[in-house]
Each structure stands twice: as structure tokens, then as C-alpha cells.
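Each remark here refers to the structure printed beneath this line.
By written order: A, B, C and D. Residues from 1 in each chain.
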Amino acid sequence: MVLIEFSMFPLDKGESLSPYVARILDIIDKSGVNYRLNPMGTVLEGDYDEVMGVVRQCFKALEKDCRRISMTLKMDYRKSNESRLEKKIQKVESILKRELKK
Amino acid sequence: MVLIEFSMFPLDKGESLSPYVARILDIIDKSGVNYRLNPMGTVLEGDYDEVMGVVRQCFKALEKDCRRISMTLKMDYRKSNESRLEKKIQKVESILKRELKK
Amino acid sequence: MVLIEFSMFPLDKGESLSPYVARILDIIDKSGVNYRLNPMGTVLEGDYDEVMGVVRQCFKALEKDCRRISMTLKMDYRKSNESRLEKKIQKVESILKRELKK
Amino acid sequence: MVLIEFSMFPLDKGESLSPYVARILDIIDKSGVNYRLNPMGTVLEGDYDEVMGVVRQCFKALEKDCRRISMTLKMDYRKSNESRLEKKIQKVESILKRELKK
């Protein structure tokens, strides 16, 4: 099972990127893949081809009208089918014996 | 005002990293810098030197007993003193006219 | 045309990663995609599906015997068919009117 | 000893970023820190505070006239004073018994 976090935005549309981020989140939200949005990117969880397929859709959606696009992506693959979207954080909170800001 | 998202972990301690991630979150949580934890990293907000000072503390805390350490960090600086930890997400949700998974 | 830079390595094989990096570079070098290796990752250039297809092959090659895999990837897409593997650096050197360390 | 690779650019100056990348490379090249430029970023080697000090100088140089700045950075720390700027690549080439494209 793969966890990825990515962010993608155009470099030719000026400083305010939210319309393009919204275009991407619309795709992610409707993809059926489990995700969590945060202020610096979106975490997706699923099988490699499933999540990278959503990333590809997002790229294709910007490619239509953007001349330059930047993306950063990081991946954490683990050989198990267990979801870690919540578990990774719960484990850290149980070690520290307190809730953290999420 | 700077938003950064970073993750840092040792490469010489095997597959399970939560004890080291907990060591880092303990520092971040006690630093007084505003932050949000997510399954793939932690977002911090503040002035450049403030947030990078916390990153340095986290590195020094692992350097003591880890022989190899990996970090990824991304930064989004904007010339304003307005907090964006919530605003960036709210703006996307207002464009899409619906709540997203956070 | 897309430029990506990525690095991928297992987290369950200890501190020395070169055997796994070599496994990946073997795939990249034989893929036919244009690339440049640097001390922190490998830059590939081509069409989106072409370069991401190579990244997928590298993941599949590690997935066989690695329990946990980390990847970071960044992409710079530009709407042109012109290669930028050399041009991006030449442009900076022409602005600075001197050669830089490559 | 730390190896970092970073790239930093403004988001409010349009599609062509080379003048700003040149401003940063001028700082890195004159810093005295050992570095290698590649098409997607610059690799620096040195002690943590030394290389992160150069990153800070680069940020301060853009902050003067850029309203929004993006940076990605990755770090590979190893407990040794041995330079790896060349060694990491040489090790992979010796495993594969052939030269790779650099």
C-alpha cells in the first residue's frame, strides 16, 4: 500500500493559485481514492497505479491551459494492505501520550 | 510569512520510524510554532528563521544517535503576515462550494 | 516536455543504499530516456507518460524484495518540445557570464 | 557531513525564472561551499549550518523583491567527514561496472 503526498501548480498564472488547486482537488475528491488535504499538499492512499493514476489526471487537467507546471511528490510504500492514513499519526500520539495538532 | 512542510527520519534504524518521528513531534509541539501534523509530514507556519530553527533542533535531536538521516522540506513564502494554515484550504473549499477531507 | 528529478530507496535494508540505487540506475540507463545522474537523484527528460513509466519500473524493481520504500520526485513541465537538460544551465551561465560547477 | 539538494524560485514573476535562478547561483558559487548544479536544482555539501546558511542567504536575496517564493529541499546526512559529492556516483558506477550519464 502506498501513501503519497503531492502538490502541483502552474508557474505562468501569477501568484494566486487557488483556482488551479481547486481544479485538482475536484479531481481527487471525485476519484474515490482516500485522501487528506493539508495546507501544503494532499495525501493519497491506495495501490501505486491507483494513486499515480489520479496524479496523472491532475497533470492532464492543468496541461490543457498552463504553459509551465511544477509538482513535488513524496511516496511512502509499505508491504501491507493496512491503511495508515490515521495509524501513522495515532502511533506517534500513543508514544507521546498526548494529542497533536492535526 | 512562511509555510513549510517537512519530514525527517533515520535510515539506519530499520523499517519502523515512529519512535524517531515522535522525538521530532515532541520538539515541534513544545516549540510554540504553529503546526499541523499529517500522515506524510508536518506543516509549520511562522517567520523563516523561526520555523527553520525548529527544523534545525529536530536535526540535532536525531544527529545524536542516528548515522544517516533523510529529510524532505518544501516552503511556500508569501509577503504578508496573515496566517494561511486554515485560509489556503478554506479558499479551495469556497471555490468548490463543498468541504474536502482534511 | 517534462523534466523530473527523483530518488527512490528502501528503508528496511540499512544505511548503505548503493546496491538498490544501482538497480534503479540500471533500469534508467537502459530505458532509452535521456537522463543525468547527480549525487542526490536522477533527472529524466521526456513526455510525461514516458518518464513516469520509468519511475514505475524502478518502483516495481524494488517492490519485489523491499518492505518499505521512500521516493521523492519533482517535476518541471514546459509547453515546448525543446530539450532543457543542458539549456536550463546554459541560460543561467550566460546571465552570470561564467561557468558553474556541474 | 550533509548533502542537500534544493531549488528555489518566485511564483509572482511569470514563467521564465532564469534571472532569479542566476541570482541564487551567484550566491552559491561565491559562498565557498562545494556544490554541483543540475537541471532541477543544486547539490551542496558541508556541515549543516554551513549549507543551510547558504540556503538562507538565497531566500533573503529573493525575499527583497518577490511576493511569493517556492522552495523544495532534500537532505542526506551521514555521520562521516568524507565527501560524497563524487563518491555516491562512483559507488553506483562500480556496482554496474559502467559509466552513467552525469
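Throughout what follows, contacts are C-beta pairs under 8 Å (C-beta built on N, C-alpha and C of every residue); 3 or more make two chains touch, one makes a residue touch a chain.
Just so it is clear, the model here is predicted, and its values are computed rather than measured.
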{"item": "C-D against B-C, pair bridged by the larger set of C-beta contacts", "value": "C-D"}
{"item": "Repeat of the A-B interface, chosen from B-D, C-D or A-D (over half of contact pairs identical by residue number)", "value": "C-D"}
{"item": "Distance from the mean Cα position of subunit C to that of subunit A, given in whole angstrom", "value": "21"}
{"item": "Geometric centre distance via CA averages, subunit D-subunit C, whole Å", "value": "15"}
{"item": "Centre-of-Cα separation between subunit C and subunit B, whole angstrom", "value": "25"}
{"item": "Of all residues in subunit C, the ones touching two or more other chains", "value": "15, 67-68, 70, 72, 74, 76, 78"}
{"item": "Complex contacts: residues of subunit C adjacent to subunit D", "value": "3-5, 7, 15, 18-19, 21-22, 25-26, 29, 34-41, 43, 45, 72, 74, 76, 78, 84-86, 88-89, 91-92, 95-96, 98, 100-102"}
{"item": "Complex interface listing, subunit D residues touching subunit B", "value": "8, 48-49, 52, 56, 59, 63, 66-79"}
{"item": "List of subunit A residues in touch with subunit D within their complex", "value": "9, 11-12, 14-15, 17, 67-68, 70, 72"}
